[in-house]
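Next come two complexes built around subunit A: one with subunit B, the other with subunit C.
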Partner chain A sequence: MSAIPQTTLPPAAAARDGVAAHTARPRRVRRLSGRDRLVLGLMVGVPTLIQAVLVWIPTLLSIALSFTRWNGLDLSGIRWAGLSNYSYAFKEYPPFWPAVAHNVIWLVFLALIATPIGLLLAVLLDQRIRGTRIYQSVFFTPVMLSLVMVGIIWQLVYARDEGLVNNLLGTAGTPGAVDWFGDSDVNLWAALVATTWRHAGYVMVLYLAGLKGVDPSLREAAALDGANGRQTFFQVVFPAMRPINIVIVVITIIEALRAFDIVYLINKGTNGLELLSVLVIQNLVGVGTVIGVGSALAVILLAISVGPIVYYLVRTFRRTD
Partner chain B sequence: MTATATAAPARGAGRPHYGTHLFLIVMAVMWLIPLLWTLYAALRPKAVTDKYGYWSLHGPINLDNFTNAWTQGGMATYFGNTLTITVPSVLLTLLLASMMAFAVSRFTWKFNLTLLVLFTAGNMLPPQVLAAPLFEMFKHTPLPYSISSSGTLLDTYYAVIAVEVAFQMGFCTFVLSNYMKALPGGLTEAAQVDGASVWQQYSRIIMPLTRPALAALGTLEVVWLYNDYFWPLLFIHSGDRLPITTGITNLQGQFLLDYNMIAAGATITVIPTLVVYLALQRHFVAGLTLGASKG
Partner chain C sequence: MASHHPRPIFESRLDRRTLLRGLGGGAAALAAAPLLAACSGGPAPAAAGANATSLGSGLSDPVPRSAVQAMVDAFKAKSGATVKMNVMPRAQLVDNISSYLQSNPEDVITWYAGYKMRYYAAKGLLAPVDDVWEKIGGNFSEGITKASEGEDGHKYFVPNYNYPWGFYYRKSLWAERGYEVPATFDAFLSLCVQMKKDGLIPIAFADKDGWPAMGTFDYINMRTNGYQFHLDLCAHKESWDQQKVKDVFDNWKALLPYQDPAALGATWQEGARSMTGKKSGMYLIGAFIAQDVTDKEILADLDFFPFPAIAVEGTDAIEAPIDGFVLSKRAASNKTAKDMVAFFGTGAGQDAYAAKDSSNMQTAKDANTSSFSELNKKGAEAIAGAKFISQFFDRDALPAMANNVMIPALQGFIKDGTIDTRTIEAQATSLYAAE
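Take a look at the complex of A and B:
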């Protein structure tokens, strides 16, 4: 599961805002006693050290390793390789461009199908309809599962002879049966359907929170002006959810870049399911470890991720100070 | 989920929504079918499904596949390993993140915003970006054989726990700092005038008030760590040390083509998350949507 910080507006925090405006004024550190400064230093220092050693420095090391040739055995065996790993990835490494294409398809599918389904469900369930809690629970259940479990469950649905889909199509047990996760013509789409099963519920929950944060008087004003339901939603409510829309866009992009578990479970990300994240791992473990190439792929993945991450951080923190 | 009624009293009241209900029912059935199909296959003996096929209604139905998957698959070991990783990871993450969040939200100093931004950024990276350096760092960190059978940090729970904590800490720090920022500043100022130390302000004043956020984040983190596949896959190589989400893929190889057993194993694995879901749904959803009040 991804861990993207969200900036939706929880009702409790919103209610507190009025109070916070004239009270939350952080204090200067300089006025503290020596012992308090030591305690504060540890409170900051220990987490920062852990972050530095296990997140920031490895990120930098990934960049450094991408310019080297190394088999991972002896530290003295690291050789400078310039840009050769990158040119190998771009020009000679057969699965590279398919993986890029699959990542793009993954993103487009999530953005154009999975996310809109989640939004549609949220809009429908935000109305006062009977059983909305039950519907919400049903759509949300897959969000609780790991993508590995999603993969295993859908393997049972997609299995060639035993699976539900082929039984419904009447092709189970016949030569015409499609192996949904095995056939490289369809397995990417089959994996995306399974991913949508989970992603849509996630988007639904976030939008349900977002819809509650929309000032009801906006809708009333639109209704008074004679707007119908559709106009009210697209011209008033949806634009008013701009902060949550940004979160959803960032989540969708990051999820598409992070996609790994489900394809690795299906066939270790081969035969039609190549993704950049999987190619990184294929080059790091197993036979013929080529850390340099794996790192170059990791840096490409990093470079693509930086855009949405920076965009999100700027939007989130710009108004803080 | 209850605020809808009060937030919009005019919307939809009294109007029947036949079309909406029809659409939602169709969608809900589609959403439930994969789960029900798995459960149904798990409840049926293999002999029956071999004879009549999976698309059939022939009985009997029993729990044999569950007991077999549990014992033959060694699932108890996997669940024990998951506990060993998840409990310390979640506690450490919340402890460290709450201290960091306290320091950046209740005090101003030179780099507090920079650090908060870097913490938040760190956990948005695809984990694969860090995989090679972390793997090599752990491989080249010698440990005595009394602690680690590999002689390095690889194949140990320390490695998994450390990386889980580091990776989840950014998100928790971000959420908690926003929560703590919204608490009235006068609380700690008054305490300081009364001579309370920084540690007392943290442990006696801020932490008790942060309990709702901690509960929500704790629930979320337990589920996420339970569901994590990648880090144990990368660092743990002994099959009997894998946590359940990574270990379940071993069952697939073990029960080759015995779909009933795989379905039973999958169902068992899903049960804990569903229990958390039913018991703590409110906290989980709150955790997912918890965040800044400055959006």
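Take a look at the complex of A and C:
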């Protein structure tokens, strides 16, 4: 691609460009004093080092450990295990496939329900209604609450006998009361509602910022062209928010992949609430540590996550270029 | 198994540190953080022979914490030794025990009998206490003595207290309805039928946290196949995929309709309230239930009977997890540390503990039992009369087996009465091979 404009340029111009590029680069480097170089070196080196120590080396090590058996006691006890940890996860570990399915359900639910609710809230609150700031704060509060608070709140809502939902339904204390946390047919949906409660607030704030960034003249132009409110939003405003939309898509995917806290609060992610992230934690941290299997599960989760992350980074860098 | 490290521990520890500093991904970094903390957290070792020792305690709740303190104070007063205490949250001790034992542990550590103790003893991380047992051996029953041994036949554990698992019920409810303590499984099942007819949930049951159901599994297994089979199954010397294990679940299936169907959403405390509130007839749980019963009248109204006989050994085996102390490897030659655990293995030491925390029972025969409640007396009799003492599944088996395999398997069984023993066996094979 880049060859085409070059050949169409006059030879002299191309030569001049080449020379300029050649001379400009070394001169710019030479202008840096020793001190500049030190500062630059530190500014690049320190984050790189931190990144390497905290992210890259651990990642590579866990990839390596995922092919081994190790009881975590003595380095000499590490034994090569080939792909057996992976076949354990895929074939022998009963919670694995339910966890994958739940992660997919989680993603679909967030994408089709939670995120649109966030968008709807943003659009409504962008209409300069009275007290919009209060509403914004209310809907954003769940995002800021600590895990402990979230746990208490949903316990109050879902508890079998004392919970809000069952009392509103009038079934509390009767044998017909739905066991929102214990019944594996409903607890995933109960957890998804709780997640929506947080996720929608998050998406709302992002879209509010996005909506403020849309040039008002676009709306005026659309109005002049005779578009109604609906057409204006879907055909003008929404496409104009493309950068935000991409961020939201990526956030939604990442949130679905790293979903963890709410199910862990409910029952540590068992009995119908298995998720990949929970299985990783279960197998890697605490009493149930099986380093090989836990690492293999972490690598699987990493492999799945890399897709959207790469897509996002490619988009971001292409834009800034 | 080798009782020595193939390499000097100091060297291997350095390797571990450099490795752990970089351990795997976000999750493993999480795991590594407490490990590193454990490496640097402990106090310096007390010099051997300097009449000083140290105690690492995972009993961090206020009541047990003060009780351990009382024990230590009693030892200090008796011997004039200095004892450094390091109290940490129970989860921190349990979750990081391997790295803790390999880094800079205190001399004496609060720990548990069972595979959980034998495993680390076999790895050479604990010091044998045979010489201590020569002094305190006469204090303990046969079952408790056996529970203190490692796989090599040496003693590695000094018991402090234990608490039995059994069926707890309210005397007043049973008297009012004319129920009688069943001795056999058939009598037990007909009692359940009667209770159901009377509008009760026969057996309170709670398994939201996954572990309480292991108590039911253990008992049905021991009553169906015997204590030795329980041990061998837990150590994976027996296969899970065999008729004996299927028999256990078949017997359980007969019980399942009488256990609270809402078990999977309830914590053990909720189960306890169902029984104390007379909604359920009885509750298979540990003696720690007393901690949740704040009403003195109800507490006095509680009674206990052992799990009825099914096929073998009558009611000879009892599930009574024992908490006590182990010596870390480097305390092997510390006389003060050994004196201290020897003191903890006497009635005087254990009474100092029990004076502060009365929900458990001292294990030493010469302990003062006059302050026992009726319920504790019954529990202590049941333990003293037992030939075999099991430690609960998650203490007798590989922790990963209990946590990652049994919890989902049992919860699935509770949900729909199906179990796939072949899958359990496949997982067990992989997990035990990694050790």
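Following the convention adopted for this analysis, the second predicted complex is superposed on the first by the 279 of 321 C-alpha atoms of A that agree within 3 Å, B and C clash if a C-alpha of one lies under 4 Å from a C-alpha of the other, contacts with A are read in each partner's own complex, and residues count from 1 in each chain.
Everything that follows uses one rule, which is that a contact is a pair of C-beta atoms (placed from the backbone, for glycine too) under 8 Å apart; a residue touches a chain by one contact, two chains touch by 3 or more.
Model, not experiment: these values are computed from the prediction.
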In the superposed arrangement, does A:Val290 touch subunit B (first), subunit C (second), both or neither? second
Going by the contact rule set out at the top, does A:Gln51 touch subunit B (first), subunit C (second), both, or neither? first
One more residue to check, A:Val108. First (subunit B), second (subunit C), both or neither? neither
Where does A:Leu169 make contact in the superposed view: on subunit B (first), on subunit C (second), on both, or on neither? neither
Kindly classify A:Leu83 by the partners it touches after superposition: subunit B alone (first), subunit C alone (second), both, or neither? neither
Between subunit B and subunit C, whom does A:Ala221 touch in the aligned arrangement: first, second, both, or neither? neither
Between subunit B and subunit C, whom does A:Phe181 touch in the aligned arrangement: first, second, both, or neither? second
Contact breadth on subunit A, by residue count: subunit C or subunit B: B
Check whether A:Ser62 is in contact with subunit B, with subunit C, with both or with neither, and answer first, second, both or neither. both
Using the superposition on chain A as set up above, list the residues of subunit A that contact both subunit B and subunit C. 53-54, 57-59, 61-62, 65, 72, 75, 280-281, 284-285, 291, 294-295, 298-299, 302
Residue positions on subunit A within touch of subunit C in the complex are 53-54, 57-59, 61-63, 65, 69-76, 81, 84, 88, 91-95, 160, 179-184, 267-268, 270-271, 274, 280-295, 298-299, 302
Subunit A partner, complex, touching residues on subunit C are 5-7, 12, 15-16, 19, 21-31, 91, 94-95, 98-99, 102, 123, 125, 208-210, 262-266, 394, 399-400, 402-404, 407-409, 411-412, 415, 420, 423, 426-427, 430-431, 433-435
